[in-house]
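Shared between the two complexes below is chain A, which pairs with chain B and chain C, respectively.
Let's turn to the complex of A and B:
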């Protein structure tokens, strides 16, 4: 008995270690709670068994061992079910209740029925319940293995844990009975193996780091996206997804944005919570876990995955699709909304997604629509105006969204204002001013349209404009094209008032003080450039080289916080220069 | 007036309790007079008492400097992070285009940044001569005046190490009471002169003299500077 007791004691130590690990590292409350309950049952079961077997505890403690053993069976089933259906199970508490209800009755009836630890798996109601609990867990695991690409690998580990429990529990018990050693039955040496396997699956589905909100009541405000539904924004760049997420957060709705470029930070009022998709083998499972944890804590919320294509590239489409199906169920149960975009999905993935019959909203690229609106007033010069604005705002091609409309109208008004100062023909300038005013109104009206409205397809770029073109010819005739050209030139001058060198110098001096300009000049010399001929194409190289050369500035400091500050400044210089060069960081 | 103790046996008595906090003190002497060791020792002892200090080395690399001072029993690790060595000597070697860099601006960038993040109270600049060469002063007196004013603005007690020439016998003597090349002695708040003096026919002795210390009644004579398990300043015995 000493050997068996020693094994059980070792198992208790391992169980306690696993419990601590899961309690400290797992971010899902429900998983942590069920794991803790099961681990504690195992620890109590093992401890009381060893105590009574070795004579440290009175024989009455066998009741405690029996109670813990009985409780551990439905808890095993609940934990396995929660690891497979973790996102849904907390919403189906009655099922869990059904599994736990028999436990006190069976424990109370045990003395009457003569069900002791020696015959715990015999053909009686108690044995039947225990076998049924394990069978539910095992059957669900096998079903997940067959039907779910997302859970296929995980179900192997779950099965391994369950089989270990079965071998060291009922099967070992039957063997002891067959060999006429029934007194040795009553505990399970495989509990650390089972808990280890369950913990592994819990870690594979652990949510990404983020400042998750505390549990709250369901949000019941009026959102732009309906509750309990999954929306797909069919757009080339995920611009409207970002706009709608911020807009919903502004209304007070809890919003989670999951993307590769997010940084896990603290969530502030009116801003979405962001979580970064980490490129791991379990990215899809962890994404599901992240959304699950957020939605469970904040029912009625919005979860946005604007870069679904990234997840598909990391985890594979089959897993991503399975994850979406599970997430759809989760959102329906929690009254939350799920927002996806088709940006950068392959045609096959896009078609497959369309086959899932989710609300599908085709949306335009705001950059194209803004250019189309400007073209109505300024003809082919719209492209030049937009280019000047993007340069003035240090925007890379394609970054333009409806959020820039106010800045664009201000830019146009400034250009007309500057033109009015120098131009002689006041009537012509007033005409231009009216034209800018009309364009501004149209831009604002477009920016105010919500995605649901736009998804009907009546976009500015699709509107036929023969009447506009006629009007444009008349305007150009009236002004003889001269003032229109002057407007474009003024806009270009506005954007190029600061040279690229001046902007790069501003970045260096902002971070490095007076030493910045000289360090920039040194880097330019190494690149073989002068301040006058520094071009946008040079900035990426300048950014990378400066980052490498200036890294030594942090190396010579031995105070960690100062070293980190200098390293952060150097990295900030690199990013700002790359942005000036038009790289989408 | 708050004073910064040097924790050098005998020297604090000479100084009337220490150096007035916020002073800029020139420590001048010929090579081998232990300017680096003495100032490092003052910084080290204050760090052991919880007063943070920054040693800026413009000539000697960090490893070499720490090796040399560990030989004297002055270990940086003992200070528990209350002392920092800024290795601008290594930066000179590694930074591209080092000769063309604005070293005075870089020096200010580091010392101000460190003041914000590390909040040191004592600063040692080793040496003023190296900084002058790197910074390529055009109008030396004016730029030195501005530099010393800037140092006062830092709010630290600052030691500037200045090199003096050695005569043919290895003995340094101030030329006509001059302890600096560009009349810095008029700008700084204090001057400590270190020299090697002959003792008898063959002997040499390190000696220290507090030439000037604003706000302090101090002994103006030379004293022996001895290193025996730490620095000591004693009377010169004939």
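Let's turn to the complex of A and C:
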């Protein structure tokens, strides 16, 4: 028996290793909990079996072996169903937990009924219960294989684990007899294989790295998006999805943004948690796992997937669609909202998504609407003004959102201000000021509109037909003429000036060389800013953060002269940035 | 020894070992298989078929990724550059075609139809054609973005506001 016991002991070591691996690396609490329960029951079963077989433990410990063996069967079924359904298992298949009820009774009745380890799979109530548990797990796995594109590949590994347990349990007796191991009842050499297969599935659905919040009560504030619903923003570029996610986070609602361009796992106060989609074969499953973990920890939250098309490209539409259906159920049960956009989806995917009957909000491209608003005041020159602004802010047209409205109005006011300095015609300048003021009001009013309001379709670009707009432009140009042209020229001159980011970059690279730019970008990311939206008010925070980070770097330098040099550079950068901020304020 | 002969030998040995395991299984499970000749022929035959099929797929190097499905077509020069891993990115329009997903193995073909190798898709993203960067154009084997757009305009008749798939690819080593 030494050889067989050694095999079981090796299996226990492997089980313990898998348990540790899952406990340390898997980010889903529910998966970890169910996996740990099964692994521990396998470890106890194997340990007590080896102990009694080798005489380290009294024969009475066979009861423990039997109890662990009986418990392991429903736990196997629960783990398998958990891996398929995730955190919604208690709501979707609550009856599975009833399998745990008979365990203490069957273990207690075993001595009375004569259900020893040797006849554990015989035709008796205990054997029937064990077979039923495994049959439920296997049936659910096969059902998942047939019905779920998302779980089809995973069901293979789940089936492999279950079949391994079956073969090494009830069926393996033949081989053991052939190899003269008659007393194997109560042990199972395939537990590491099964746990390995289950762990593999758990890793395939492991959430993306992120700073997940601690479990909290359901958020019950007033949000712009209703609870428990899935919203689809029909927009060319996912601009409003980002705006609303930040707006909801600003109200204190827990928000998760899943996208390719997210910086992995970052979150700052009052800002959404961001998780980066990784391009793996299991991206859809991992996205579901990420959302599940977040929503479970923060009920009432908002999960936004602004780049659904990327997920579809990575994992395929069939899996993405299945993932969405599962996520919709998850969010409904947790009172959370799910936000998707149609940006870059193919026509077929859009139609299929529309068929899922989710609230569908057609939204405009803010860049087009901003241009339409500017056109009311500045006629055909609106495009030129906007281009000047984009150049000044280092923005592509596709990046322009309502978040830039304040910067745009400031830009327009600055342009008029500069024009007024050298202009002789005060009346004309005042007229331009009034136009800018009107445009600014209209822009702010537009930026304040929420997506629900905009989804009704009354957009600035639709307010006047092309013919009317053409007429309006000509009229405006006719009576403003020269002043307008001067405004456009001034705006273009403004855009050609060095941006705040460029000036800050010059400070960093002057002191730190090429590494200065990457440090600046890192600090901007930490501040949640981009080069385009870096404002004078951010410079003091930027200076403080950079000073702290560089001081930490200086502390680890052993050479005193070098440390002093870095410290001097830190102080100089801080001072220059503060001056820069003051200059612009 | 020639590499192909060695591979063939190793595969034959593995298949022989599998056959021994199957026969041993029949022997030890004689009681289990006492279900009658015809059920045994049907059920046992089906199971054995699955085992041999699985072994064949493994030996041909088609698992765990499975058989290659789909294909990517390249010009003669471009195909050669893909094989030499100079080109690691492919830009394709998404409308009206099946674009491979991450982890999918596809056949790489010349425009003449000849298969030159198998490719693994390691990354996919979607962009507007106007958003393709210089870096991506270079990885796709073009000197500039304009060159890439011009080449695609002839081949795919695409426009700047079209959505394209940007595929990261890697040759799989298995040659046809």
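Some points to look at:
Here, the second predicted complex is superposed on the first by the 457 of 585 C-alpha atoms of A that agree within 3 Å, B and C clash if a C-alpha of one lies under 4 Å from a C-alpha of the other, contacts with A are read in each partner's own complex, and residues count from 1 in each chain.
Criterion: a contact is a pair of C-beta atoms (placed from the backbone, for glycine too) under 8 Å apart; a residue touches a chain by one contact, two chains touch by 3 or more.
Just so you know, these numbers come straight off a predicted model, no measurement behind them.
Of the two partner chains, chain B is the only one touched by A:526; chain C is not. When both complexes are overlaid on chain A, the residue A:398 reaches chain C alone and has no touch with chain B. Of the two partner chains, chain C is the only one that A:260 touches; chain B does not reach it.
Of the two partner chains placed around the shared chain by superposition, chain C is the only one that A:347 touches, whereas chain B remains out of contact.
Once the two complexes are overlaid on the shared chain, A:310 sits against chain C while remaining clear of chain B.
With both structures placed on the common chain, the touch criterion links A:512 to chain B but leaves chain C unconnected.
With both structures placed on the common chain, the touch criterion links A:283 to chain C but leaves chain B unconnected. Residues 62, 81, 84-88, 90-91, 94-97, 100-102, 105-106, 108-110, 112-114, 117-118 of chain B touch chain A in their complex.
Across the interface of their complex, chain B is touched by residues 512-515, 518-519, 521-523, 525-526, 549, 552-553, 555-559, 561-562, 565-566 of chain A.
Here chain C touches chain A in the complex through residues 28-29, 31-32, 94-95, 99, 101-103, 122-128, 130-131, 163, 165, 168, going by the rule given at the top. Those residues of chain A whose C-beta lies close enough to touch chain C in the complex are 171, 174-175, 178, 260, 279-281, 283, 309-310, 312-316, 344, 346-347, 396, 398.
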